[in-house]
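Heads up, the next two complexes both have chain A, just with different partners, chain B and then chain C.
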Partner chain A sequence: MNKIFKYELRRLLWNKFFIGLLLINGLYAWFVLTGDIIAGVAYTAPFSPWSFGAYLAKTMPITVLTVLFLLTFYYAKKEKRVEVLTGATPVNPVRYSLVRSGAIATAFLILVALLLGLSLYFYASILDYWHVTPFILPALLVLPPCLIFALGAGHLAGRLHVGLLYVLMLAVLLVGFGGIGGAFDPFGGGYFSVYPLSLPAGADGDPAFTLSAGFLIARAVYLGVGGGLFLMGIGAARKKATTA
Partner chain B sequence: MKIEANQLTMIYPSGKKALQNISVRMESPNLIGILGPNGAGKTTLMKLLIAGLIPTKGDILLDGKALLPQENRLKSQLGYLPQSFGLYDELSVWQFLDYMAALKGLKGKKAIDDALAVANLAEHRKVRIGALSGGLRQRVGIAQALLGNPQLLILDEPTVGLDPEERVKFRNIFSEMARDKLLLLSTHIVEDVQSICNRVLIVHDGHILFDGEPAELIARTEGHVGVYVSQIGDPTPEGCQVVSKVNTARGIQCRVVAECLPGFAKAAEPTLEDAYLHRIGKGADAL
Partner chain C sequence: MKAFALYRVELRRLALSKFTWIAAGLSVCGPLFGYDMYVPSSTWVMTGKYIANPVLAGAVLWAVLSMLESDRIYRAKTDVLTDAVLSPDTLAASRMFAVMTLCAAVSLLTALVYLPYTMNKVGYLFELGLYAYSFLIVLLPTWWISILLAAALYQITRRIELAGLLYAVCVYFSFSQFFGNHYFTHWINPIILSYSDGFSNASPLRITLYTRFIWLAIAGGAFALSLLCMRRYQKNLLGSIARGVRKIYIPITAAALVSAGVFLWTGQPFVDHGPIEYDYEYRYRRDVGSSNTRVSSASYRLEPNVMAGRLKGRVTFDFTKYGEGEDWIAMNPGYTIAKMTVDGDDIPYKTLIGSEVNGERKTVFTLPPVSARRNLVVEYEGFPSSAKCFPLSVTTEISLEYISLINDGVGPFSTSFVPCASSTWELILPSGLTPVVDHVLLENPEDNHNGTKTWRTTIYRYGLPWILAADFDAITFEAAGTAVELIYAHKYDRNMREYGVSKAIADVMNYCTEHQGKLGFAKGKRLVMLQRSAMFGGGNAGDGWVEWSEDIFTQSNLSDPLKGASAMEVFAHEIIHEWWGGLGVVCGEYDDPFYAAWSDEGLTVYTTYRLMKEKYGELYAAQNYIDVWQAAVDKQNRGFYYRHPEYLAKLPEQYQAQLNSEARETNQYCRMPLMILKAERLVGGEAKFDEILQAIHRQYASTGQMFTYQDFLDACDLREEDVILEQDFQI
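Here is the complex of A and B:
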């Protein structure tokens, strides 16, 4: 399966679309950092966990769109024509699907590495801020739920009809840039920008990074639902292998 | 390897009856040609045999046991070339075969090198698949089916898009492979079946109209093939199906198959193509 993973990664990453999307992600992230985050969110410092969380949350819609776009490669008509060959091999369809999802997750991690790298460069070069530890918790709260939900919803949508992936991409755009706000914002941007306003300022002038139970539950729900959708998508892979 | 299909019926969700109550038994070594017009049910039969579809009724046995629970065992011994397939255009020929070999659980480079050599693709091994012609893509398709020297080869129109020289070459390769394997070859090219198959199945409207040796099918057509010379504008005699027309100095020389030849037609030696058309013309009613 290592070989399959290597080839899938190569197919995903070694093409003009991914390189273009990587550039778009990078440019947009830099735009967010220098436009919004430099001033800090909710009157906190630009290097506060709140501001960093808001940065990741604001860049996630573009990153999730990229993941969904990469998923369209796996459900395109062209891909289905190759499936008639791969489906006649003894490979376990669930493992095969997991490996391919792993390749997508790796692409997501590469994008995240770019976002994190840019932010660290931004903090170090512009704000002379060199600490990383305060950013770990906001990153854990934003990134895994976004990845798992995108993979889960994307796989299931793709299995049903590739067109649904484009509908999902539209929904990501609407939610990501229209904004739900509050604890149930799937990306968390609205939450990180508003919730600190309700907290008392700490010793350093910024409110402590204490999160509401509602927000934590919402993150767990996105993670759980995303995982459930992912398992359903994988289950569909097994069914397809015997009844297509 | 032995595959048995018992009273197999396949009705698609759209309601289309692709196969109706067919039974067939195949075992290695054998090279079986499947002939039939478009939409006859050939591809459906092949998909059922590779467990790509679940039959509406009936069962398929692999070496005497139900096929579906043995799907993995079947697929580990299967080389399959569908009629229509896609390839990863962004990979080179070698990389694609390496990918398929990994899916088949094959280790090492030998299987890939052997398949490349048999499919005459060695010089194209580094070429990106997206840059290949239709004929070369077909050869990549054949090469992936041959990976790992499978015991069961199911090839749906394998010689489509190949030039005559390549077609003859692959025909001979298939014939050699069938010495110790079970090879099912679906094709529209009757000549391919006549040249290499020791058994032929004629599928039409979801039924098997004939299952036997090509020579037996030809023998059954003796007396039903004739030639005569006609002029421009002459109607085709009733009940006759024209197989070929050749313009000659005396007029148009027509070759026909018919249940009852017209009196003016001179009997001719039947070919497998004549026999096939004759059997198809009689339809399922003559079963």
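Here is the complex of A and C:
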């Protein structure tokens, strides 16, 4: 199993697309940091949890696009033909599906590590700010729902038709850059930069990092729905295994 | 011959395809976006609104068509067949030329479709030449670039979704500020800040034509390069390239085109190569030390070449020099010195290439020590460039219809000389242009009977004058006891009369005279009001003159004063500066004249508010002035760097400078007017406050003495803490 994982990982990450996309992610993140986040969102410090959350939320559309793009590798036509073969070999399709999702999650983690590294470097080098703990909560609120939802929805779309993955990418672009705003913003960008405006200023002038119930529920919903879709995908793979 | 036959086949096939017609139809609709959704040229100039913006929209559609066309053959799985008969690169190139031909036809169609509407909207200012140039220079090449790039990306990747993604990334970078906002990175959205109705559009058209050539060369090169990547004999990318390079003319064409693009880019004459930030300290560095050279007279002769946009100039300095020492002159980096002589003999000089700062460049030389008067002649020639720190401001232009030469765009100057207090000027201009030098309309030219006229004048001040030339008209009228001379582009004559501009000017002047005192000029002096090209933007005021960008006087602005409140404000604002600023009362602080919250702007903005209140009522004035000031001040108070200046100091300099200048703007244009309003209420209302302002005006106007914030408080009999807004604000 470990061998297959390594193989999948290598295939996914060691190619010009992933390296190119990694570069685009990094460039874009730096662009967001030095262009937007440096001013701080909603009059808060650039290193407030609000600004950090907004940073992640602004970079997530590109990262999610990358994840969806990687998923197309699995659902492209050629791949389908290989699937017929792998389906015939003794590898359990459920485990195989999990392995592939694990490989994609690893890719996501590498991207996230790049984003976090860039932001910490930015805060330390430009603003001489060295703390990490205030960023944990916003990161937990933004990242896992984005990953799980992208994986769940992506697998579902890819299974139905590979073209749907591109439709999904278009939707991500529209939602990510058009912006929904409010608590249900899938990436949270609209929320982090607007909600603090309604809060009273704290001791240091920035509003405390207190979140509305609506936002927490929205995050849980995205996580739950994404997880549900993902499990459905696993279920479909199991069905295929038993019928095969 | 085979390629041409293929081209005809492709063209015919395209012309018969239903899909082509849908795409063409959509492209014709493209300009519609420019009327409303995509409006890069945002002034009130009519031709900007109805020509520039529409031709800037719509190039993306062509990329889609181009990619789908390139993909069509593979989708149909006919590539195996066609490859066997034809070379795929010949086919691709023929197809590309067919699509480009079609594109040209559609752009002609688009031009015809929008012609009646545009003529109707732009009205008597419409010019067919500008309309045609806009389509030929802006729209068609941009569509072509889009097509070439899209096809190249497709042929390299051979995956339509990936090519689409890469194309989107290219578009994104063209729109983003990532590489700074400058002309040459904008491949799909050429920067046209504004068109001009009354003056000339040579500047935006010249630079757009130039950037279109750059990008046509680069995109054409990319396309030729992509022909190498055409998959041959079912080989992969590398195998295909290996076979492709055998047709040696393809890589040679690709290399030639790309290097032509790069060469054009690096050699562009429009923006100089100085630092990207304005260097406020440069003056002090430059002017350090004084030379032993004393200039007793300076005479300039300027001969613009209006077709090429170049200037040929000659300046003669009569000088004496006591002692040794190096001398220097500085001028626009676009000019090169052709010759430098002392009493007719060439002298050595060195132009410091690469030393451009703030749009000027030094040339150093050493004059011989002489006690008798000698003359130094400098001859120069070139295309004036914009400073890299203000790349988008078109302050200098030489064209058939408009000449604007400002600061070092005029010619060489030097503070290493002890200068003379006057200089004589000789301008040789095409017959249709009338010059305005330092806001004085020149008269009595000498006709050279070769289509040019020679104008002569003397200016009585140090330094270089501002020289404008256009088809100017002038009307003179009296307002509030002062003679006003309004100089404007002949094309605006109808607007000036129809909308009673002189009456509107008189209204502002009467209001200020009545409430704040008589204008403080010396008797007999005129107040000159000058209309300038929209490229210059905004307004400006000084010693007995006011100038505005032309768009203040366009129909779309004049016909709806309520809608164009901000433009009316500029109009009134600049006139009011004759009371507060200019030759009126100069407000400021001695220690920090630039960043101080107390400046000419405070009382000028406050007076504009009072005027609008009288004109449009209390509610209007509250909504458009007081509320706007308050919102800006609240925003500033909440700002993180305003609350924590210790972090401001850590930021990169460029960002600090930006925040500081934002803060200065809020302080001068919003915070101070609010404080003045508070003072007005504290002293007992408008009537009482007007009395105080009148007394100030009587005492300070035309004295040249600085009227400080403390003077203002004293005049109102208030203390600093009375006027301060509730926040912990420090002047």
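By our rule, the second predicted complex is superposed on the first by the 239 of 244 C-alpha atoms of A that agree within 3 Å, B and C clash if a C-alpha of one lies under 4 Å from a C-alpha of the other, contacts with A are read in each partner's own complex, and residues count from 1 in each chain.
Simple rule for what comes next: contacts are C-beta pairs under 8 Å (C-beta built on N, C-alpha and C of every residue); 3 or more make two chains touch, one makes a residue touch a chain.
The model shown is predicted, which means the values in this text are computed figures rather than measured ones.
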Joint occupancy of chain A by chain B and chain C, clash or fit: fit
Chain C versus chain B, contacts on chain A by residue: B
Touched partner set for A:3, first chain B, second chain C, both or neither: first
Vertex chain A angle, Cα centres of chain C and chain B, expressed to the nearest 10 degrees: 120
Partner chain(s) touched by A:43 [first = chain B, second = chain C, both, neither]: second
First (chain B), second (chain C), both or neither touched by A:128: second
Contacts of A:208 with chain B and chain C, given as first, second, both or neither: neither
Partner chain(s) touched by A:14 [first = chain B, second = chain C, both, neither]: first
Chain B versus chain C as contact partner of A:35, first or second or both or neither: second
Smallest separation in angstrom, by C-alpha atoms, between chain B and chain C in the superposition: 9
Residues of chain A that lie at the interface with chain B and also at the interface with chain C: none
Chain A residues touching chain B - in the complex, by the definition given at the top: 1, 3-4, 7, 10-11, 14-15, 78-82, 84-91, 96, 242-244
Residues of chain A that touch chain C when the two form their complex: 17, 24, 27, 31, 35, 38-40, 43-46, 69, 72, 126-128, 166, 205-206
Contact footprint of chain A on chain C as seen in their complex: 161-162, 165, 169, 176-178, 635, 638-641, 643-644, 647, 650-652, 655
Partner chain A, residues of chain B touching it in the complex: 50-54, 68, 71-73, 75-76, 78, 80, 82, 84-88, 90-91, 95, 98-100, 102-105, 141, 144
